[in-house]
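Two complexes, one shared chain (chain A), two partners (chain B, chain C).
Now for the complex of A and B:
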């Protein structure tokens, strides 16, 4: 009997301690978006209303809707995020998470959250950061530097095409960007779930933003948690911009890149070696650097 | 009474936390001079282990050529004569009286579309260099959870990636371009560890007198532990037997 009382006292003590620790960590988190400060406490209420159905009460992506969703909702307990301005393996900035939430994830079930105020979204970012201890033990990475976009030239596109061959982008995204490379069918994410590479021909928005700068960021930071690696170790900024210019020609849009490419192809198509196994990606003169 | 219990518990929790962070930092007290014991033995299995299958590398013709005549087999369960098990990590999981931080660089090669070695063991903050020896790209994607997960492309001829792991963790590593490429980075705080070869044998030496927990870990069959007491310069035999199932 006596030992029972002691056990109960111990357990309730543990409960009190754990609750206190939990509440503290949630309350302590803040986010900073420009001049806005987000707080986890109001973020928690918004989360219970708008996010819990998919991302789950514990933030582990196992909400009640999750079984019917593909790709699966983000698991915030891992603190691994696709869309970042920071190098692979680092936490995103608060602004990165804020932008991702605002933008939504095209081709997934994650909508745009523009109906929520900026303050609402900042509060949600603060609350999301309470799901993993990494937000306390690690600092967000330093955003990568993106130099100003150089002038678009045919040489830039041709060099970008060579890099698409050399960096073996085609192994997943396909020789023509149709997401049909030899490794496309077997790709899995960090939870071993199947995942598809981006299909340039579909013309759908990029997951992490629509501008040329966003595209630059995608392959220089990698989409953590997915098979898309960072190429920052082996691409110089100038080459990265060339690759951006070439990638734009793979999309079915009337972009300046596509217009220049089509005009050049009209008289030079025969000079190009096809991209793919053993392919050169070269040809066309002036492409090398 | 109740207040007392809470206070005691709080102390226990706090000291526990401190002790853990100290062990992660790896500040090693000098090893006491004198007798040191050894734990050695063998890792074997009973039952029927899965057959290792030849890997179809047709997606990467160059790797097919590199292994012409002798296709590479999967490595998740590698056995030797006498039912021994290879690639088992045996280490001191509790009772370690202080391990010096390891400073020599560990090397991982990506060659012929394989990770060499399949399993590598390192200590927190030990330098790790990753090489791509193939004439084509690999992406190296360690699926860490406690440590940061990252994913970096390493094209042919690229310089080695210099990295390290800060937290103890058993990290599966994969290449998304070549889905058959699987490896493990096992980060342990102790310097008393051994990785079994095909003969399944291991030796943990230089153990000062004390009580130890020895753990054996195999990627498919999981972990087993045994308590061992070392009382002087003796060799304690310890064996591990895993129950193998074909699937």
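Now for the complex of A and C:
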């Protein structure tokens, strides 16, 4: 009987060891950022220092500060990320996660971790990847191709405006980009938590970058986990750039797009059809390129 | 081995033993660090200056190597004007109940002992004089800091730190307004008021706390008979232009300051000091961030005032004489080990010292922190000050005023989360001062009877350091 007890104990112990070996393989995750290789082991220490308060010890976004944070911290166990260079529904590249961590998320509690060394951030990416088995079984998507930005013209902006109407961007972002579309108040994320659309008029940076290329990428890859879909199947690259140019006019900045738009509006404002239900969004002869 | 194991006795105990050993092995193999495992078993782990932690819901260890010392992320946060730069820094985004206030104090037991103190040979009589080691022990309090810092609006930062000494004396440690990111550039930030100089080695964030170890001797050293009222670690009143790169790896500051060593009022009379710092950090990969910098402080103090019937009129100086402090400082990380070197070359004009030539001295220190994890730190420091030139070499021994100071400490953060912090602190500090009053200690404040004699002063501190 005693021998049996010990045998059970030995086997159970070996079982624990085997489980540990499995866990170890997950924790042995790496990341590759340019010529840097990040490792999960040092990343775990950094995670305890910087991230655990919000994202939780298990990476499930349930850290002790999570109840007080809006929007909620990312749940790494789902391996769903907003800011990617890869198509919707796919895993981001390591560099995507690295860039998001470096950039932070404006209007949220996620700060820019730029002061950490690049190696530290690469290690953190490796550790974050250890929270979901998806990183073991799936490969990141292939980054989308972003063609060179075409020359800015008023026709491009006007066509972008038509697309804003046609793609029903206004339903969430509002006719003037003030985040007050008819659907804005009902939006929820993949955890059924309320979420607000981007308010172009606020002047805040975009969450996933500040350049026109970043803006292009946002609506061509979608923000997974949010109601913001990918328009890659609905927009040609040229049209996507037109939309970028129009969206820039909604922001309160002195951009080339805004300057061109204001100059055109000064003499053509009356030609515009309103954006919104039944609106045409076009006008000014800018229906095509 | 297995056969021996199966033949043994006490199966249930062995079962528990083996399972426990395997779980321990599993923990190790799974790559979870001790701190991580501890986190899973306990509840809270992190600490920081709580006002910001409450505002931003970040663990305190995000900004501090071990509070109150800043890490590179905390330095960048401070440089941005205590802002994350997430478009939610303005207080309009805060819950109405939020108040940017944190309190810090340190109840403690401490021992202070100083040798060569002049006392009456028979207590209670005027039977001068004997030298004696004076020792005091007891439970005590530190002062209380009311730390109020934050934003008035986006890119408008404020700081207000009233203090209360244990005897009830109130003071204003800090009071400033800062305009951040002028012209949308991190390179231009202007601060006006009373504030700490942009010292890379901050005495306001010093991690050693005892009477002898809780200050940098180099920051406050003044040669014997030198009346210059200046401490590099003292908060000063003036205006500062400061700038930094987006990650704060490169930083500079320029400040114009009233020549009062931070005392309110313009008692020095149209006299200004200037401070300059410049530092740059390198990304050293997994080692961390390696920062090195230079600093200079040039000031003047009045020596002759306008007078009325021969009585000086304070605030209306006629003649002022200069002093300066220049040097190098660094902050180097080697994984869990942090080294903080500091070097200073200093001079006070002979008119300030009452001597026949300028007083010149050199100082340096090396402070080491070893962070076992964010909750346990071993601390040590060695500091030395050497007189290079005495103001009055004919009557003053060449080593008069030299200091050697040693400090070791241990700091254990009982818990760490983003609302409050409590640290258990143990520290021992020993200072040798040649022929002068120790800068701290039991505060008897008497130099030894014989010039050039060494005075030893020691502090033992056992404390609970908390902030909320």
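Here is the rule we use: the second predicted complex is superposed on the first by the 267 of 289 C-alpha atoms of A that agree within 3 Å, B and C clash if a C-alpha of one lies under 4 Å from a C-alpha of the other, contacts with A are read in each partner's own complex, and residues count from 1 in each chain.
Rule of thumb we're sticking to: contacts are C-beta pairs under 8 Å (C-beta built on N, C-alpha and C of every residue); 3 or more make two chains touch, one makes a residue touch a chain.
It should be emphasised that the depicted structure is a prediction, and the values quoted were computed from it without experimental measurement.
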{"item": "Touched partner set for A:135, first chain B, second chain C, both or neither", "value": "neither"}
{"item": "Which of chain B and chain C A:88 touches, first, second, both or neither", "value": "first"}
{"item": "Partner contacting more residues of chain A (chain B vs chain C)", "value": "C"}
{"item": "Partner chain(s) touched by A:98 [first = chain B, second = chain C, both, neither]", "value": "neither"}
{"item": "Partner chain in contact with A:225 - chain B first, chain C second, else both or neither", "value": "first"}
{"item": "First, second, both or neither for A:198, with chain B first and chain C second", "value": "neither"}
{"item": "Touching both chain B and chain C, residues of chain A", "value": "5-6, 9-10, 12-14, 16-17"}
{"item": "Chain A-touching residues of chain C, taken from the complex the two chains share", "value": "2, 5-12, 14-16, 18-19, 21-23, 25-27, 29-33, 35-36, 39-40, 43-46, 56-59, 61-62, 72-73, 75-77, 84-88, 246-249, 283-289, 373-374, 417-418"}
{"item": "Chain B-facing residues of chain A, complex", "value": "5-6, 9-10, 12-14, 16-17, 78, 80, 88-90, 134, 138, 166-168, 171-172, 182-183, 186-188, 190, 222, 224-234, 277"}
{"item": "Sites on chain A touched by chain C in the complex", "value": "1-3, 5-10, 12-14, 16-17, 19-21, 23-24, 27-28, 40-42, 44-45, 48-50, 52-54, 57, 64-65, 68-69, 104-120, 123, 202, 204-205"}
{"item": "Partner chain A, residues of chain B touching it in the complex", "value": "1-2, 5-6, 9-10, 13, 59, 61, 136-137, 139-141, 143, 145, 148-155, 158-159, 161, 176-179"}
